[in-house]
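Note that the chains take the letters A, B, C and D in the order they are written out, and that residue 1 is the start of every chain.
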Amino acid sequence: MPPAPEPERPRAAYRAMLLARALDDHVARLYRAGGQIVGGVYLSRGQEAFSAALGITLQPNDIYGPLIRDTAGRLAFGQPVLDFSRTYVGSSLGPMRGRDGNVHHGRPKEGIPAMISHLGSLVSVVCGMLFARRFQGITGCVGATCIGEGGTSTGAFHEALNLAAVERLPLVVAVANNQYAYSTHQSRQFHCRNLADRAVGYGMSGHEVNAVSLMDSLETFQRAVDAARAGEGPQLVVGALLRLAGHGEHDDASYVDPVLRASPLGRDCLTVAREELLAAGLAGESELDGWTQAARAEAEQVFLQAQREPAPDPRSETWQAISSQHLCEFPHS
Amino acid sequence: MPPAPEPERPRAAYRAMLLARALDDHVARLYRAGGQIVGGVYLSRGQEAFSAALGITLQPNDIYGPLIRDTAGRLAFGQPVLDFSRTYVGSSLGPMRGRDGNVHHGRPKEGIPAMISHLGSLVSVVCGMLFARRFQGITGCVGATCIGEGGTSTGAFHEALNLAAVERLPLVVAVANNQYAYSTHQSRQFHCRNLADRAVGYGMSGHEVNAVSLMDSLETFQRAVDAARAGEGPQLVVGALLRLAGHGEHDDASYVDPVLRASPLGRDCLTVAREELLAAGLAGESELDGWTQAARAEAEQVFLQAQREPAPDPRSETWQAISSQHLCEFPHS
Amino acid sequence: MSIPYIAAIRAAQERLLRENPKVFVYGQDVGSFGGAFKATKGLAELFPGRVLDAPISEDAMVGLAIGAAIEGLRPIVEMQFADFSSVGLNQILNQAATLYWRTGVSCPITVRLPSGGTEGSGPFHSQSMEALYSHYPGLVVVAPATVEDAYSLLLESVALDDPVIFYEHKFLYYHLKTDALPESNLPLGKARITRSGLHATVVAYSAMVHEALSAADTLHDEGYEIEVVDLRSVKPIDTDTILASVARTGRLLCVGEAFPWGGVTAEVVSRVAGEGLNLLDCPPLRLNAKDTPIPFHPNLWRTHRPTAESISHRLRELLSL
Amino acid sequence: MSIPYIAAIRAAQERLLRENPKVFVYGQDVGSFGGAFKATKGLAELFPGRVLDAPISEDAMVGLAIGAAIEGLRPIVEMQFADFSSVGLNQILNQAATLYWRTGVSCPITVRLPSGGTEGSGPFHSQSMEALYSHYPGLVVVAPATVEDAYSLLLESVALDDPVIFYEHKFLYYHLKTDALPESNLPLGKARITRSGLHATVVAYSAMVHEALSAADTLHDEGYEIEVVDLRSVKPIDTDTILASVARTGRLLCVGEAFPWGGVTAEVVSRVAGEGLNLLDCPPLRLNAKDTPIPFHPNLWRTHRPTAESISHRLRELLSL
C-alpha cells in the first residue's frame, strides 16, 4: 500500500479544482454574453482532478508545462489566478500582454513554459528545461507536462518521449484521455488497449489511472513524480476521463456518446472529489461550501480587475519580434 | 514474378542477396576508383538477408517501399537490376533520369515508391497506397516498407504507424536494427528492450528476428505478411543485425564496437545464408558458386551498360517541376 | 446573397465527390462533424467512407494523400488551420512537390489551408503560409478572394494533376456571400482586374482584395481611380495582367496579409521592377503585416495586418510620389 | 592558406564552449564522431557532456534547445543537412521565433544548417532554406561567405539573445581557406563591399559571392568594373549598403542559390525598387536556381544553380540595358 496522502494535499487540490471551475464558468458566461471575450474559450471541465493532482504533487522548483485544460493544475502549482483572466481579456498587464490569448499563457522563467497551439511541441521544451537543470548541476527537479489523447498522435510527442527516455530525464507526461479530440473519438485516434501501453516501447514506466477520482489521481501522480525524482527516468501517466464541455465554448459536443456521459467516466470530478474528501473526513460540508463560495468570488474578482486594466495599445506596442533591437527590420511596415 | 514456391523461396532470396552484394561491391569499387560515381554510396552490406526475405515474401501486386539498404529486397521483389546502376551513374535512361541518384529510386506506378531522404516519411506514403487500394475495392494486397532503428526516432515514423493501426492497414514495417545510425549507437537512439516492444503501444503485432539468418528472416516475414494479408492489421518486424560497412563509403565506421563485430551479430549474412542453404540441402556448393559468379558478371554488365548510356542533357531537360505546363513559371530563370 | 464562401467550398467538394469516385476528403474532424468550419458538413453521410476523420498527424495525413495519389486517387486534405500545416510541410515540400519531377508520376493532391487572420485568433490560428509553399518548386498555390473563385478554383485544383495548396481565408468564410455559384470562370493562373482605375494599381489576393477595394472606394471620394488586381493564384503569378495594369496606371502598391520579409509582395514588386521598370512613374510600394507574430488582442491585430485604412494611407503616399 | 571554412566553424564552437559554460552542441553524430562534416571534431573529448549525439528527431532537438535556452543555456543545434530542418521547422518558426514576443523571455539558440549544393548531392542534401526562415518574424538569419565571417558570425550568433539560423555552405567547407581567424570583424547585420566597381552591383550571399566575384573577373577582362556586395546576413538585410552601392553603379543584379519564387533576391530587388528607384539606370535583375528540385547529376546541377558563367551572362544582359 502506498502511503496515504498527507491531509493538506487533497484539500489544496480540491480548492484549485473549485477555482478552476469557477474561472471556467465565469469566462463561459462572459463568452456567451458576447463581446467580452474575443476568440475561443477552452474549458477544463472534467479534467480538474487529474490536472490539479499533478500540479499539487510538484514542488515549487519543478517545471510544469500545462496545456489547454490545465487551469486547475496551474493554480495548484502556484500560477497567479490573475494570469487566467488577464490572458482571456488580453490585458496589457497580463503575462502575454494581449499578444497571445485564452489558454496560451505561462511564465517560462518561473518554470511554466507558455504553450503554443501545435500539439505535442511542448513536451520537448520541457525536456530541454530539465536537460538544462541537470547540465547546470541543479538536481532533484522534476518536469511535468500534460497532453490530450489526440495530441499523442503527433510526431512531436513521440520524438520528445523517446528523447526523454534516451536522456533519462525526470519527466512526467500526463495524458488526459478524455475520449475525444474535438469531435474525433479515440477509436479514430489510436488502436491500442490503453495509451499507457506505449510506455514499454520507450523504456519508461507507464501508469493508468481513473482520472475522475482526485484521490486516485493524487496517488498515481505521487508515485510517478517520486519515481522521476528518484532517477527512474520518465513516467507516462494516462488518465481516463470525459470532457464535460465542448471542445471550445462554440461547440455543443452533441457528438459525445450519451452512454459515455451516463457512465462512471461521465461523472463530474468535482462531485466525486467532494465525496472523496467527505468520506475521508478531510473536510466537512460547510467548509467545502465555503471554499466553493470563495472560489466563485475570486473568479469574479479577477475578471473584474482584468477587465478594468488597460488594453494593449498598438501605438506603444514595440512591434519587434526579437530582443536585439539593432537587428529589427521593417520599423514602419 | 509469381510468388516463389516454397523450396524456391530461400534460393531466390539468396540469389537476390548475392546480386545485391555484387552490385554493392562494384559500386564501391567505382567510388574508390574516383570520378565514376558522384555523391554518396550507401551499401546494404549486412542487411541483405533481412531485406531479401521481405522482398521475396511479397507478391507481385503488393507494395514495397524500400529504403537505403534494400537493394536485395528490391531485386527479390522484382525491380530491374538496371535501375540500380542507372541511378548511381545518373543515366538519362534510368528511372530517375539523373534527377535523383544513388539509392533514391523507385517505380511508384509499379508499387515501388521512390524514397526521399527524410527518414520516416515513406511509411505514410505506403499507408496511402494501401488505403487507395482498399478504397478502390482492390483486396488481398500487402504493403511493406523498411527503416533503420535510427529512423524510428522520427515523428513521421510514429504518425504513420499509428495511422496504419487506426486504419487497420495491411502494412508490414521492417525495422533493421543494425545497431548504429551513422555513428550513433542505438543506446543514444532509444531506450526500450527491443523496438518490437513498440508494437503493443500501437495495437499491432510485433515480431523479433535474428536478421543475420536468412531462414529466420524468411519465416518471420512469412508470418507477418500472412497476418497482414489475413486482415490482422499492421505488423512490426524488428531484425537484429550489424551494418558491415560504413554509413556510406566515405565512412570507415571505426566507431563500431569490435566486440559487436566479433559477435554472432557481426557474421556476414551471406555466409550464414550459404551455410543454411547447404545444411537444408536446398543447394549444392557448385550451384552456389555458379550463382555467385553469375551475380558478379551481371553486376559488372549492368554498370557497363549504364555507363555507356547518355548522361542527362541540361538543354533537353524540361526544368519543369509540375506536369501542368501552362502553370509553369520561370521558363528562362 | 445566400451562399457564403465556406458554402462554396463545401459545394465544390460535394460536386467533386459526386462526379469523381476517386476523390476523398481527409482531415481532422471532417467526418460526421463536418469540419471545424463546416466545410464538409453532411458530406460524410452523403459519401460514406469517403470523408474521413484523421488522427492529429499532419505529416502522415499528407503522406497518406500522396500515396493515394500515386495509386490514382484525388485526395483533398483539410488542415484544421493552415498554421498546423507546418508539421506536414516536409511531406508537402519534399515528397509531394518533388514526386513528378523525380519520377514522372504526378501527385494530384489538394491541401486546403484555412488561413489568415480573424479577431482574437492569435499567433497560431491566423497564419498565411503561401510564401513558404510558393518558394519551393513543384506546387500550385491558389488564393481565392471571392465566393465564385473559392468554388471554381477548388474544382480546378482537384482536377489538376499537380499538388495544390488551397489558401482559403477564414475571415471570408461567413462574411462574404454571393447569389449563385458560377458555371464557368476565369481559369486558374489568371488574375482578375476586379476594379479598373487610372491612377494606381493595387495588386492583392485573398482577403486583402476586399480591403483594397474598400480603400479604392475611399480614394475614389478623394478623386482617384484605383485599379485593383486580384491575383487568384500566387504561384503562378499572372505577371502579364499586372504589367498591363501598371502600364495603364504607372503606379503600383502590392498588398499582402503575410509577414513582410519576402513573400508574394516582394515577388510581384521585383517582377514589375525587372520587367516593367519603364512603366513605373514612381517607386512601387508594398504593404504587408508587421514583422511579429499575429497578435491575439483585436487592438493589436487591427494594426498588425493591412486594412482598408492603412491601404488608403499607403495609396495616398504612392499617389504623392 | 591552411584554415578552411569548416575549421573556422569548428574553431568558433571550440572557443564558445571554452569561454561560456552555458554553451552546448546538440545534433546527430556531433559527439565523438565529430559530425557528418567534422564541424565538431574533437570537441566532445575536450568538453565532456557538452557535445551530444541526438536521436533522429529534429523537432525534439529544436524543442530541447528552446527549453534549455529558457533556462539560460546557449544551445547550438547542428542539423545534419539543412534539408532535414524541414521537420524541425515548426519548433523553429512557431516556438523559438515567437517566444520573446509572446513572453518577453528571449530564446538564444543557434541552429546550424549545412546548406547549399555540391555535386551529386541531389534534391535532399542541397537545399537553401533561408527564405522560409526569414519570412517568419522572430529569427536572425546569417549566411557567411568567407572563412572569417563563418568564424566571427558564429561567435556573434551564439552571443545574441535571439534565435539565429546559421546558413553555412557545404560547398565552401573545404574549398575556401584563409590564413588566420579574425580578432575583429564587421558586425552581424552589416553587408560588405567585397569588390568595388563602377558599372553594376551584384548583391549575393554565401557561395554565390564567390561565383559573383569570378564573374566580376570575367567582366573586368571585358572592360567592366563590377561591384560585389556580400549580404552576410539575409535577415536583417543591410539595405543601406545596397542602396549606396546602387547609387554608385546604377545597375543591380541580385544572385541567390535558392529557388526563384520569392526569397532573398525578391526581397532585395523590391527594396531597391521601393527605396532607390531613382538610383537605377535600368531594370534590376535577379538570378536564382531553377524552379525544380536540385538535380543529382552534375550536368544538370551545374545548370540548375547560378554559376560564374551564368552570372557573367546575366551581367552582360544588365549592362546592355
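The definition used in the following text is that contacts are C-beta pairs under 8 Å (C-beta built on N, C-alpha and C of every residue); 3 or more make two chains touch, one makes a residue touch a chain.
Quick caveat: nothing in here was measured; it's all calculated off a predicted structure.
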From subunit C, the most remote chain by mean C-alpha position: B
Euclidean distance of C-alpha centroids - subunit B vs subunit C, Å: 40
Chain centre separation in whole Å, for subunit B relative to subunit A (CA means): 44
Intercentroid distance (Cα basis), subunit D paired with subunit B, Å: 35
In subunit D, residues with contacts to at least two other chains: 54-55, 57-59, 83, 86-87, 90, 94, 97-98, 101-102, 123-124, 137-138, 235, 261, 290-293
Residues of subunit A touching at least two other chains: 96, 99-100, 104, 116-118, 120, 153-156, 159, 162-163, 166, 188-190, 320-321, 328-329
Graph class of chain-chain contacts, one of line, ring, star, complete, other: complete
Complex interface listing, subunit B residues touching subunit D: 37-40, 90, 96, 98-102, 104, 116-120, 150-151, 153-156, 181-184, 188-190, 255, 311-314, 317, 319-321, 328-330, 333
Parts of subunit C lying in touch with subunit A, wherever the complex brings them together: 28-29, 31-33, 36, 53-57, 59, 80-81, 83-84, 86-87, 119-125, 260-261, 287-293, 295-300, 302-304
Subunit D-facing residues of subunit A, complex: 95-96, 99-100, 104, 106-109, 113-114, 116-118, 121-133, 135-136, 155-156, 159-160, 162-163, 166, 320-324, 326-329
Touch list for subunit A against partner subunit B, complex: 120, 153-159, 162-163, 165-166, 168, 187-193, 195, 197-204, 233
Residue ranges of subunit D touching subunit A (in the complex, touch as defined): 24, 49-50, 54-55, 57-73, 75, 87, 90-91, 94-95, 97-103, 105-106, 137-140, 160-163, 188-189, 235-237
